[in-house]
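Below you'll find the structure, written out as structure tokens, and then a few comments.
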Amino acid sequence: MAKIDSEVGGDVTFFHTSQLDQLINLARENSLWYLLFGLACCGIELIQTGGPRADLMRFGAIPRASPRQADFMIVAGTLTYKMAERAKLLYDQMSEPKYVISMGSCANCGGLFQLAYSVCKGVDKVVPVDVYVPGCPPRPEALTEGLIRLQDKVRNERWQDKRRAPVQGTGAA
Amino acid sequence: MEKLILRRVDRNNEEMILNFGPQHPSTHGVINFIVETDGEVLRKAVPDVGYLHRSIEKIGEVTGWHGFMPFTDRIDYVAAMFPNEGYATAVERLTGIEVPRRAQYLRAISCELARIASHLVSLGTMSMDIGAFTPMLHGIRERETINDLIEALCGARLTYNYHRIGGVAFDLPEGWKERTLAFLDHFDKFLVEFDRLISFNEIYVRRLANVAVITGKDAVDYGLVGPNLRGSGVDWDVRRDLPYGAYDDFEFAVPVGQGFKGTVGDCYDRYYCRCLEMGESSKIVRQALLQLPEGEIMAPKVARNLKVEAGEALSRVESARGEMAFYVVADGTNKAYRVRARTGSFTAMGIIESASPGLMIADLVALIASLDVVAPEIDR
Amino acid sequence: MTTSEIHDLLKARFGEDVSAAPPPPKGDAWLTVKAERLVEVCRFLKETAGLEFDFCEDLTAVDWPKRNVIEVVVHLLSYKLKHSLVLKVEADRGSPVVPSLYPVWKTADWFEREVYDLFGVTFTGHPDLRRLLLPDDWVGFPLRKDYAEQGGWHGIDNVRENPLVELKRLDDSARAEAAKSASPAPAAAPPATPAPTSQA
Amino acid sequence: MPRTPKLPKLSPRAVVLLTLALGLGLPAGLFGAVLVLSPLAQPDFFVRAVLGHDPATWPHAHLVYGLVMALLAFMLINFGAIISGMTVWWEMRVSSRMQSRIGYNRAGAAGFFQWIADAVKLLFKEDLIPAEADGMLFRAAPYFVMTGFALTFVALPFGESLIAADLNVGIFYLTAVTALVVVGILLAGWSSNSKWALFGGMRSAAQVVSYEIPAGIALMVPVLMSGTLSMQGIIRAQGAWPWQWHAFTNPAAAVAFVLFFISQLAEGNRTPFDLPEAESELVAGYLSEYSGFRFALYFLVEFGNLWVMAAISATLFFGGWQVPGVGPEVYAAAKGAGAVPALGWWGLQLLSMVVMVAKTVVVLNVIVWVRWTLPRMRIDQMMNLCWKFLVPSAFVAFVFTLLWQLLVARAPALGLVTGVVLTGAFLVTLILFGRQVKANIAAAGDHVDLTNW
């Protein structure tokens, strides 16, 4: 299906689907809510990014405290092993479609704390990451750029592909 | 896990166990509280920390003496100047390096700006935890200007790495003095506005006054430091009582909790001490800028590959979260044998378990916020 | 009051259980206390008029594998008299046991838990000695000098591939590809036109 | 290689125009449709008089009737949803300005389409039901809330004749149906099987049930003054000018308004009473486990209720849609003799709607200001406020109004005198308030700048 869609593209049915997808994606990319997940230093820059000067809310990104309502998670800061399991849990609790922005060197690869015995070397060891924002810590502008990249990604994908496969036998609708 | 942590708690079936954190809007970073409640009233809140334990003390043993400086930033990321200064001071004590007067002044200026920035975040998040969102963003707005100033000074917004063993990294840039003085004029007005906006708000006062009272005796016994200690009525400030750096040159008052709206040592006292402290810091910066002596900013002959004779030293600086002590042990090599940071938040967390019984859930949030804990200071 | 004055006071009371090293030229001087008398000495320091160390500033440890000891270091400060003191207690590295200072200063609670966590020093008389910073099932005491890393935790490995290695591999293969396509190109120059069809 | 769909890039002016057109057109269009359809639902008036038929002779009259009613209800719900969406946008913009931020500005002019984007996105989110939750109740809870909200629009007056159904027990009906919301919240809290949600649900139940009492008693003050429970009746009992409004003709009614306003804040879970979803205490309270469109329903109700609250306040205390100088006889004259009213009448209706909306927006703004200024109360303080302060005061206001009505019946001029005095006092307070604001801004070294909206 996807193959036909990407190669032919002229089929009427798919044409309509993609028009609808465009509209859905237009809504989705403009309403990406993020999970409040400040781990360390980057968490302060995350607050600053939500603050008056950078103001993530311009893009429709508002912070949510509960993972259920969040569209993406900004992993802002050093992820220790102790926290890594919790991060995984939080990611699992989010509802599809969901994304992850890894903010800062520590979340990208362990960063400054490569030498540490208790730090997870990158959040992508635990959850899949969509956008990496480099910096230690990244400036608010960099995080905003990360959000814009995420919007690009959302714009260019089909909503159906992002749905969670239904779990068999649990009765979940 | 819960069983282990609640070993000290007598349980019957009336209580509910809540996992308060580590991802919770009001735990200020990643701290977990295992909370036992009876309805809205707490039986006990047991902190479970270590979610941000980044092995900084171990890393200090493998990096060189100079190389550890960037890591000190991450010990207290909200006010990174203080661990910079604390570590530098400890090594200077151990090696006998004399810091030039101008560098000491610059340290004082940068530290006091960082203190203001830190308190802005602290008070802002506190008001947010109490439910008022706007003061937080006003605080962030002012903090952005401080960030700009510090960025002009040292090139970083958050993790400054400005102080060096033997002095500071950069001298003042052109026009910085005037910019800072102009900001301070604005900031003093902002403080008045902030007080009007939130400090004297009736609901706010009632939420904080007489809540989670920590007596002076308890505060000393549990090793609280800084604004938390002063909020409990103990008149102690390292800057004044054991002066270091340039602080004996400045005139400033030390705000002490006196039961501004309730009992001495309640959440409001801790809150308001910080408010007053920002004003004092602004005074210090102004004095330091106006009296700033000319001269070098680095001590001469600080070797790049520093070797330190065997010995040990403890330095004390008054950080935004109270006395921060760095304990360094040298064994004659070019690496530290042991680096230890004693931080204010660590002991502040220790008191929560004994201060929490009988509070309500909303009060626990106020207590945590009023102690102004920062996760990496606890875990390092 | 300086360390040596305090030492004189303590010597009169506790005899040889408190000893002092010669003061170093730079840095702090310290007193060494025998583990069994530690609580007694500390209580004396806290409650005697003229000493009044009401503030236990810091309690930590240093590992000395060469001497086979773990030193527990206590920093004390008096708010009233503005003087400070460093106490050291030596514990055997094999099974370090030190009496807890919790009965004297409550702040010792967390400090001792931290030392237990990172150095494995057992504090007798501590009300709740368990790991503080690291997970409960962590193996080893990381701040000891001979600590070996576990290599990850709960299935999360601790190796981060160097991205430069992979980039170099890609780079090399691309270069090899370019070299391969560049060298036969002059030889197979005539059939230039059918190339697009073969690619399609 | 995914294709990158490109939507046409609009010029800023086109965006502004589109925003304006949709922003005004959506609610107006829906409301016009309701207006046209509502006579259809009253066959006696419309079918007999305009079409000249007798519905009783139709073969499936009740089916047609039911169909029209369903259409009407659907439109009303949509209208409510749109109003609530716009309220979200308005609140976020106002709060952003209060916090020196910019706020939504990407989707449409001034981010006006943000609420549409949010709604669409939430509709397409995964509908996650926790494995441990009580599935049926968890699914049902949002509908209770939604029902409680949507039903209020039946009796909300928007203009002289713009009301879906002018029930003779209008205000009683409103208090009754809004109580459904708490059932939904309680269900949500319980069925989520999350401790935070349970806390939120219990808090909400305690809060709403308590605050119903002062709100109910305070409601009785304007009811006593107008002698009717009908919403339109209450508005008609007031005049168009401020000194003819209930809030200003009777000192007790002014008090009752304050009590009612506070109680409504509490019932709508707004700061300083937002304990059920206190973000810094309970993560998201009873909403903690909800995602996708179920969460959207809660979101919609929460903000839509603001509008309802403000509209009820405007109706009961501030003269509703009354336009100065336009009395009932003007409406009657403009209507003309025909079955279908004349164009002038429609104009008057629009005017009355504008007045009503303007008053509602003013009250709404106050609610928004309160939310983004005040901190949250603690639960015991909130209960104390209700039972020790609001309930007794409401009783006093109620009894005072009883006596006052007796007095006014003897001396009708009394009402006018109090009206003028209270209006004057209100204006003076307003001016003083404005001056204080200006002085505060000046003290902070800033100046008033309204251009940067």
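Chains: A, B, C and D, in written order; residue numbering restarts at 1 for each.
Everything below uses one rule, namely that a residue touches a chain if its C-beta (ideal position, glycine included) is under 8 Å from a C-beta of that chain, and two chains touch if they have at least 3 such contacts.
Being a predicted model, the structure only gives us computed values, none of them experimental.
J.: Could you quickly compare A-D and A-C and let me know which has more C-beta contacts?
T.: Of A-D and A-C, it is A-D that has more C-beta pairs in contact.
J.: Take the average of all CA coordinates in chain A, do the same for chain C, and state the distance between these two points in whole angstrom.
T.: 35
J.: What is the distance, in whole Å, between the centres of chain B and chain D, each centre taken as the mean of its C-alpha atoms?
T.: Centre-to-centre distance between chain B and chain D: 45 Å.
J.: Indicate the whole-number Å distance between the mean C-alpha point of chain C and the mean C-alpha point of chain D.
T.: 60
J.: Where in chain A do residues touch two or more other chains at once?
T.: In chain A, the residues touching two or more other chains are 51-52, 65, 82, 117-118.
J.: Multi-chain contacts in chain B: which residues touch at least two other chains?
T.: Each of 24-25, 50, 53, 55, 58, 137, 141 in chain B touches at least two other chains.
J.: What parts of chain C, by residue number, touch at least two of the other chains?
T.: In chain C, residues 133-135, 142, 147 touch at least two other chains, as defined above.
J.: Among the chains present, which pairs are found to touch?
T.: Chains touch in the following pairs: A-B, A-C, A-D, B-C, B-D.
J.: Show which residues of chain B lie in contact with chain D when the two form their complex.
T.: So the residues of chain B touching chain D come out as 16, 18, 24-26, 40, 127-134, 137-138, 141, 185-186, 189-190, 192-193, 196-198, 201, 203-204, 206-207, 360-363, 365.
J.: What residues on chain A touch chain D, complex-wise?
T.: Those in contact with chain D are residues 6, 9, 18-19, 21-28, 30-31, 51-52, 55, 57-60, 64-66, 68-69, 71, 95-97, 155-157, 159, 163-164, 170-173.
J.: Can you list the residues on chain D that touch chain A in the complex?
T.: For this pair, the touching residues of chain D are 1-5, 7, 92, 96, 99-107, 111, 113-114, 116-122, 124-129, 131, 135, 279, 283-284, 287-292, 295.
J.: Considering only the defined contacts, which chain D positions touch chain B in the complex?
T.: So the residues of chain D in touch with chain B come to 95, 98-101, 195-196, 199, 271-272, 274-275, 278-283, 372-381, 440, 443-445.
J.: Enumerate the contact residues on chain C facing chain B in the complex.
T.: 24-28, 30, 54-58, 60, 62-63, 73, 75, 79, 82, 84, 86, 105-107, 109-110, 114, 118, 127-128, 130-136, 142-143, 147
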